[in-house]
Structures are given as structure tokens and as C-alpha cells.
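Letters A, B, C, D, E and F mark the chains as written, and numbering starts fresh at 1 in each.
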């Protein structure tokens, strides 16, 4: 793989600066303001005892997610989906992806009959909003579970989290595989791939799309290599942020 | 008026700490993150050349506003209006109030055939979200107008802003008139009044509502007195923030 | 205050002819067809034993209101909100105002676990539809409460109505404060104020809006003076209409 | 056919008292408040020069209708369709029936490129609301056409109305065919038929429905006989009302 | 009645080739793919034990129907109603007609507290889709009832079907009454009539509409004559198809 | 990889019987009824000269797709999305996937300013509805393009199709990678992957999801191997069906 200098000077395998501010919200049971460069997403986790009617009495919990963009998070103002009166396909798709990704590291039996809703609201968008949402959403989720254990909603010895989860977008731009695409890169990528990875390095979701030319198996492999490296970096940062929170709480 | 000590130690006529961070958004033509205590609202102003079809060819501009709350800006998570598929009465009412209040200080002829949309998204709610939105919305609006003048969309000598505008909620709580009600105060107020005031100290909007007992004329007068004082403080702060921006831009 | 001759020959403090026909509907538990000049609103009160689910078991009743305009109540036909598939902001706002105003004179404990819905349908609109709705809505409400007491749904000695309520729109037109604005006046008013007043002369709601220039405190005071006089006249008429109904029923 | 005494003392072939008040609305180009006994429908005709986009340039006009019931026009309050956010099947069906029936007597070429919308709003419902709507709608339509001719929107010698139209509901109740069913009769009818008839006595629409037992051809014939008689009475009344209007206008 | 040669060579009283394939669906409790010439409708009957909440505990069942057209069942592609976000008036009207027609031959007491939903999805449309839906819907309904009896959901000796039902569209085209109109005939018919008839030859529904000129009573009679003949043919075919199914099941 | 015997006796790498009936619809410009075992999808391609407004004047065409399931295509009847008033997330997601996959083999310049809408309506669902839709959708698309060339809407020498496209679902069930999952397999798969492949064997889309345990890279590789084999079989069948059509048309 040739090393290209990217618009912002990054190396191909290099993510933008990532920051996670845990506990941003004074009201939510868990929260994190995450940024991947100029992309900023506010993730909150709302914990409620009890589950939706269709799950009652089964001893299992429920985790779901909703994604949304502020109307002026983008370069051009978008109409609000509440004003349009319906949610668009892209929003639905991303909300479902975030929910699936977070549920993949949840042991719903250990969670008990409790519900956690993760809201990911994009305050500013510059590519990678869905992967930032999953990565920040995990921190909010872990935060809420810690809260629920402290409050006695979850047993002290229960371990609802089976692993951690992080996500990164990778792509082929001008023939070169790159990690963590910014908007200008994403919009001219030939192939775009979102990869959701556990802390253990296994895959939860792989979504690769040819935006221009179909892609070859070797390209797919190169993209997966990049994604695993970046995801491992995110896993480290998530661990650090949560460890600090734990230290503070003692 | 007896002086009461309020839950957070404030005096009756005292506002919560107010902060305005102009230019929060890297993308919007104007923006401000405003906080009244724990209430935090992100205000963006989106400037577009041109006007809606029904205004074309009249040489006048258009300013409108949309208000929304993030689902977990409140103590209990609310359902998103995009998910419900319709905008509630309260949201409509506040969006219309913000729009009217900002238009009241705009000379639409001087604005020319340009449109500015002010989005006020409540990130965290603790009472006074509509008054914070108007106050912060004005800063975003002024910011966008400065941008548009610099970019040549508005003539150098045009003055679309005829005055500034700020808003405050006042109310009678436990028989005592108080300024800038926090949520715990607002929820047990007998009378709640939102007052929108120009920098010159005249009224744009007065909306007083008896939540419990009907209110007397003397009470109305006491509330207006408080509102004028607090609005003047906000006017000063708005001026300071915009002056600093001007200084930086030179 | 200078005395101006208005388009229809009225004095500034003079309301248009007001008529209230109690019992217009053969089916509703309470009803009134009210006219303020050419503005005609059909108000019905629907009484149902029981309350919405979220109020059950608390021993308190519920009063709410819905406002709507017939598509050709106006000079130009408007699209039906049922056809548009959603209710507009103005309709929501007025429905909420009517509901709040009527609830302000209801002792919900004395009402018991009963629900009253007030429907205000504008058959013809010529300014002041929301104030006519509140004034006529009160008569329909009182009518339904009398019915419910006669039918035994409310105890004979219970007094759910704590006062009466009437409303009037006042405004500054061409620099002069005037009462009960007709449409032609309203559309060129500099300031428009809707005032909801109890029979005892206290305020339930004060909503003043600068349509053109911001308004001064002295102007606000002059408008409130006018509103209190007109509201007192409406209170008298409401009392007369209800007294006649009582006389007939004996 | 046996002669039965009906609940309200009518003969089987007898309609309830029918009244038509032409020109009820001060704003609409044509209007009529029609009553069939306790059923009361406000019909307005809104005339607009021009036609919908898909008809432009063809030299033909457009007539359409909308039907709606006030929420408390019925014995039990119904939810508003604007609140439900959608129009029900019955409303759609009746609106389409009224529109088709009125268009059947319109020469759209003679109408020119003009649009007339007939709104039929049921103020009080006691059976026969759709037939009253068609019958009253015709008067409002004729009224609007007279207005349009007087205003010069339609040529003096053009004759957009090719005939008159009236409608009546007939049915078999307790084995006996009856005309103009009131709600108590309609709700226990075995067969219900709505018949729309021109002034010349031909059929525009025949809609017969077995509510209980299927009906025989002889029963169908008896119902059509009744319908033609009642429709002829309505035709006479329509003519009288419009003749009086013509006399007044001279 | 003159005998005309129709576009496809049929006689006036002749239906297009009719075919009914019972049991098309591997999943539904009852199903039939019916064709009237090029018109093809897939009818499925979904049987569920239990009834909607408002019917519970009354010992009666419920039968309802939904009609829909695939977007490209027609010559020009139509927008999906799911995409438009609402169901059009025509769809509502036809769904209601199918439901009423099928319920007319159901003894809901004998059905017991069970629900059957008939879905009629038009795969290809060439006139007569609603009459094909009723005719095929009956076969699916009878199929589902046989299934439910075999499964023990309905008592062996219960007879929920009181008769059979079939439907045909007839009309006057170029002055001549004709049966089973194809789309090209239907679109230029002066009068169009849908007639729903029981196996015993009585009427369930008669819906005649003047599309051009009003129609005379003699024309109505001629159309009914045609309809009864065609309906009798459909009844025979339905019986044959169901008899074969019965034979196979033994 | 161990060879397992599957519920229906298939080998792990074996698809269910696949059938494609080109030209099923008499009305659409292109169509195919495709079945993967019991899964049956009707795919139609609607060709219209011209493009949506936002594409006009750029000399490029537009291809889009809509996916929907009949309410009783599944084991339990689902509510229609038209009745719910909104399209669900899953439907949106699949429609977008089909559209992207087909556009990936379209040269929009060569297509010219023409629009093709592919409708994929699932008549019966037994797993793999989205992959059958893509595979059948391609045949309908190619069919419509052949029609458009024959009709002169596309130049004889233009080649809008750059390749063919087929799709298959693969997954890990009980630890074993398998191709073309039927519903019973899909519902208990640990990993589910939809793979869209060009006729040349390159990837257009790879969507792998861990339904239970996260999956390893080796598992991902095994699934891709299976998918490429099955896709090659589908490519062969598509080519055969289209070649026969070509032969017939000569």
C-alpha cells in the first residue's frame, strides 16, 4: 500500500484526533460527547426499569438506539425530519445499525428487565457520524450500566457487558485504502466500508459498498486490515475514559 | 416585595449565570451556544440568498425559527417528534414565538431578498429554554448578518438589525415575583410570564399565564419590572459578546 | 386617548354587537353559538364520565379544548387541516389557550372523575375568533356542568366552576388603542393583545405582541384598561344568558 | 306497500321537513344551510379563477367537494380527522360521491378555466347527511355560478349548469320501504340506498347496500320509486329557493 | 338490446375468461389467484383466533378486507400509498366494499370469536379489479373457513357461510349495455355499475354511476339483467373450484 | 468445512431451486418473477423518458428501486405500511440496497435522461427476499433497457449496462457456513451476510452482521467464498434467461 499524504496531512492508517467527554449531560444516566475531528456527536443513555410490553416476563432487558442530525450540523441546512413528518431511510438505517452493534455486546439476561435507549445526536457532521455514534454510544451505555449497578437496578455481580465495541469507517480514495474518512474524502471514495469491531478484535458488522467501481477481494482485505488497527485504538481510548470515570467514582 | 432566598441561593431579581459562546458551529453562518444555568441551547443561523416563492420579487427578506428539544435534554426521556411523525403544539408555539421576536428587530427591506433560519436546539433543559433561545438566537442572527455583509450578500451600508432583542421568564412562586425561573421554580409557579424586550427597553411580546390562581394587575406590574431589569442585563452581555467578535474580526 | 371613529362607526372602547345563543346543539351536553359582529363560533361541550388513563384514580376531572376553522370561514378558502394531514401551529396554539383559560376557572376536584371537551368551530371569521371561542366556550362549559349536575354525574353541592371567564382582543391601530378588533383592524394593528379575564376582574392570560413597532409600557397599560372594561361587559352578558337558561329549566 | 306509522309520525314516502337558507355565509361566493329534519349541513361554494395545474390550457373548469362532520355533530363526540392525522374511508367516500354528483350537471367547457370547491360541513347529524350535502351543495353551486356570471368570470350566455341535482336516502326498515331515513331508522335498516337524481328525473348515482339480508329485485324497484318522488320534491324546493334569490338580485 | 362486437370479440353479455387458482399461497389459511382476462388479483385470507378488543366477549367473529394495487399493475406506474404516507379515497372505498360484501354472507355468531382478514392485492389491472377481488375473496374466505373447521377453530357443525357471493361490473358503452368491462371499455363507459350478488341471486350491493350522461331507469334494468347472468356464471365457477378442493382434501 | 445435511437436504454450498420467469407482466417495460425456493418476488421495471427535476440537463439517467412485502407473504400477517402511514426502517434499508446494487452496473451517461424504477414486491417470503430482489431486479432492468433500445429511447450503440449483478445471502448456522439461507436457517444463524456480486466476480456490497456471537476473520472469508460460487450460478441463469428473450425477439 503506497503512503499518500491526505488533505489534512494524515497518514492513510491514521485517524483524526478523537476525544470522548464522558458525563457531558447532567440528566442522562450515561452520556458522552465524542468527536472524530470536526464530527461531534452527543450520545446519551437513558435507563428505565422495565421493558416494552412484548418482552415482559422473560427476564431479559432491551437496548435500542436512535440517531439524528441537527438541521445545521451539515454544510447546507437540512429540513428537520420532525417537520417533514417522517424519518428518512438513512436515519432509520443508521439507528438500526447502532442498536444492533450495541446489543451485540449486551447479555440481556444479565441486564434484567431494564431498558436502555441510546440517543446519538449529531451536533456537527464531517464524515464518520455513524461510527462515532457507535463508539461514543458504547461509552454512554457503559456509563449507564455503572449507574444502574450503583443504584441497585442491576445486581452487583451481573455483567451485562460481554465486551466493548468500537467502529470506524474505512475506504478506498483515489485507489488508496484509508482510515476514518472525513467528509471530503468520503464523498469521493470509490469504496466505503463501515466496520464494527469488538474489543477482542472480532467483527460485529461489516458493511462495504462500492460507490463507483466494484471492489476486488484484495481491496476488501486491505480495508479490513486498516479497520482493525483503528478500532483497536478506539478500544484503548474507550477503556481509558471509563477507567478514569471509575477512579473518580471511588 | 419581600426578598426570599431561592433554592440555588439567588435573589429574586437575580438571573442564573448566563454564558454565550458565539461561533460554536464551524459550519453555520452564525451560531451561539447559550446557557442560563443548566439550560443549554445551541442556536445556529443559516443564511441563504433568495426567499421563499411567495416573497419573490418584493425586495424583502425572511427570518424564521425552529425550536426543538433533544430527547434526553429533560429529566425523563421524551419521544422524538420525528418518531411521533408530528410536531407538538408546544414546539410549534415556541418556534413561532422565537420567529416573531427576531423578526421584530429586522428591517426586511434592508435584509434584501435573503433568508435566515434560526435553529434553536435544546441540549439540556432546566427552565427558560424559550427565553434562552430568543436571547441566543439574536446573537446567532447578528453573527450571520455580519457574515453576510462581509461576504457581500448584504450591502455595507444596509442595517437589517433595527435593535437587539432579549427575553426572560419571570413568575410568581410562593407569592413572590422572581426572575429567570429554573425548572423546579417554574413547575410550582402560580403565574408564569415570558417577556421579550428590545435593547431600547420596549416590549415585543408579553405572555403571562395564570398556572394556579388568576393574577392581579399589581402582580403583573411587579413581574414586568423584574423582566425589564433582567432583559437589560442580557442586552449588555449580548453587546459584549458581539463587540468581542467584531474586535477579533479586525 | 383620542377618540377615533372606526371603520364601522364604533368608539375605541366599544365592542361589536355580541350575541350568545345557548343550547344551539340538540346533541351536545352544553353548547353556545356566539357572535362578535361577523365572527361566529359554534362552541359545544361534550361531557363524558371518566378521565383519560393518566388521570385515573386521582379523583380529579379534565377539561380540554379544540379549536378549528371551517375552510371557508375566511375570505379566501383555506385547506382543511385534515386534508393536509396535520394541525398547524396557530390551531395548536389557540386550542391550548382556550383549554388553559377554561381550566383556570375549574375546580377539578369538584368536577370529579369526569371529562369535558370544548369544541370551538369557527363558522365565520372576522377577527377575535379565539376570544369569542373562550367567551362562548365558557357558556357551553357552564351549560354542560348544569346538565351533569341535573343528571347526577356531579354532586348537587359540588361547585366545579370557581369563577366565570371571558376574553377580548385589544390592539393599537394607527396609534390608538381599541377594543375588539375586527379583521381589517387586526391586520393593520401595530400591537395586538389577547386578554383573558375572570368575572372577578383578575387576569388568566395576557398575550401582547408587537406586530410592527415594539410597544411602550404606557401602551400596554392603556390596552389592559380597555380589555378589563370589555371583559366586564362580556361577563354580564354571559351571566344573563345563563340566568335565562336556569329560569327556563325550572 | 303497507303504510306504517314511523317514529316521528311520517308516512313512508314522506320526507322530514326540509329547509334551505341560501346565502348563509357572508364570505363564500355561494352558500346554503340545508336541513333535513335535525340534520343540518353548511354548504359553501368557493369560486376561484383558474384551474389545477393538470387541467391548464384545456379550456375546461373543475368542480370538487369536501365533506366533513364537526366532532360533536353526532350523539357521541368523534375524534377530529385533523387530530387523527388522516381522513377516514367514509369521509373520502362521501366527498367523492358529492363531487361526482355535482360534476354530473356541470358543462365544464361552459364553466371555463375556473374552479369551484363545495365544502359540506355537517353541523348536526341525524341521518341523510350525504344526501342533504348534495342537495344543499347544488344550491351553493348554482349560487356561486350566478355570482361568477354577475362578476364577469363566466360569460353571460354560458350555461355551466346542464340540469339540477338532488339526493335522498331510502331504505327498507322492518320490511317496509321508506324515504329519507332518520338516524334511528337508518341504523336498523335492512337495506339502505342513496339515490342521486337530476331535475329531469334520471339517475346520476344509485348506491344500494344490504345491511342485513340481501335484497330482492322487487325491493330495489320499490326503493327507486320512493326515491324519485322525494327527489322531485327536493328539485321543486331548490328551484323555489334559487328563483327567490334571482328575484331579490334584480 | 343490439348485439355489438366488442374490442376483444366478446358478446355484450359475455365475460372475459375467468380463472380461479385456489390455494396459491403456501402460507395463508385461504387463498386464490383470480383472473378476469388480464386482470389478476391475489386474494389471501388470514385466520386468527380472537377478535379486536371492541368485539370481545360477544361471541361473534369479524371479517374485514384490504385492497391494494401493486405500483406497476397499471399502464403507468402509480406511486405507492405507503410512500405517499396515506391511503387514497378509492382504495378505502374499495376495501370497504369488499369487506361489506363478504360480511353479508357470514353468520358472525357461527364464526365464533375468530377474525379473518382478506387481502386483495392487484398484480395486474385491466378493469374489474374490485369485482374480481370480491369473487376471488369469497373463495379465499371459504378456503380459510374449511381450514379453520379442520383445525378445530370452528365447530364441525357450525356454518359461518350463509351463501356465496360474486360480483361483476357492467356498464353502458356507446349506448350498449355490456358485462365485465375491460379497462378500455370502462374508461369510455357512459354508465358504470358494480353489482354484488349472492349465490341465490339476491343483491348485496348495487353501485351505479353516470360517468357521462345521467342514465334512465330502463338502462338500469338492462344492466341489472346482465349482471345477474354473469354473477350466476361466477357462482358456478366458485362452486366448482371449492368442490374440487373438497374432493382433494378427502 | 464439514459437510452438513440441511433441513431440506441441500449441501452447504447449494442454493435452493432458482427460477426466473422473464416478461411476467403485460404492462411493465421489463419484468421478472423470480423464485429462490418458496421465496417469490415480482420485479417490474418502469421506464420513463426524462429524469427527476434535480437531474435535468446533465445528460444522465436515474435508476431507483422500491421493495415491499405483501401483508400475507409471511407466516403471520403483517400490517400494511400504507395503513401504518409510514415505511419501516427495514423496508427503507432494503429498497436503498437494491437501488445501489443496480446502479452499480449502470452507466448513467449511456442511459441518457431516462428513469427506470424497479419495483420488487414479495409475494411469498421464505428467506433471501432482498437477494432474490436484486437478482430478479437485474433481469427486469435488462429487459426494460432492451425495450427502450428497441423503442428508440436509448441509442442502438449505447451500453447502459456495464456488467450484470446478482446477490446471495450466506450465513453461519450451527457453526457451519451455508449458502442461500431459507427462513428457518436465517432465523437461527449466528452470522448473516448479504453479498452483491457483479458478473465479473467483484463486490458491489458486502453486509455481514453478527446475530449472535461476533464473527472471526476466517469465518468472513469462508462466507465470501460461498457467496462467490452461488453468485456465479445466478449470473449464469440470468444470462440464459436473457439470451432466450433475445432469441425470441428476433
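We take it that contacts are C-beta pairs under 8 Å (C-beta built on N, C-alpha and C of every residue); 3 or more make two chains touch, one makes a residue touch a chain.
Just so you know, these numbers come straight off a predicted model, no measurement behind them.
Here the chain-to-chain distance from chain B to chain F, counted in touching steps, is 2. Inter-chain spacing, taken between the CA centroids of chain A and chain C, is 52 Å. Computed from the mean C-alpha positions, the centre of chain B lies at a distance of 60 Å from the centre of chain E.
Contacts with at least two other chains are made by residues 85-87 of chain E. Viewed as a contact network, the protein chains form a single closed ring in which every chain touches exactly two others.
In ring order, beginning at chain A and turning toward chain F, the chains are A, F, E, D, C, B. On the chain C side of its complex with chain D, the touching residues are 25-28, 31, 38, 42, 44, 46, 48, 66, 68, 70-75, 77, 80-87, 91, 117, 119, 121, 123-124.
Every residue of chain A that touches chain F in the complex is listed here, in rising order: 86-90, 92-93, 95-96, 100, 104, 163, 193, 198, 200, 202-210, 213-217, 220, 224.
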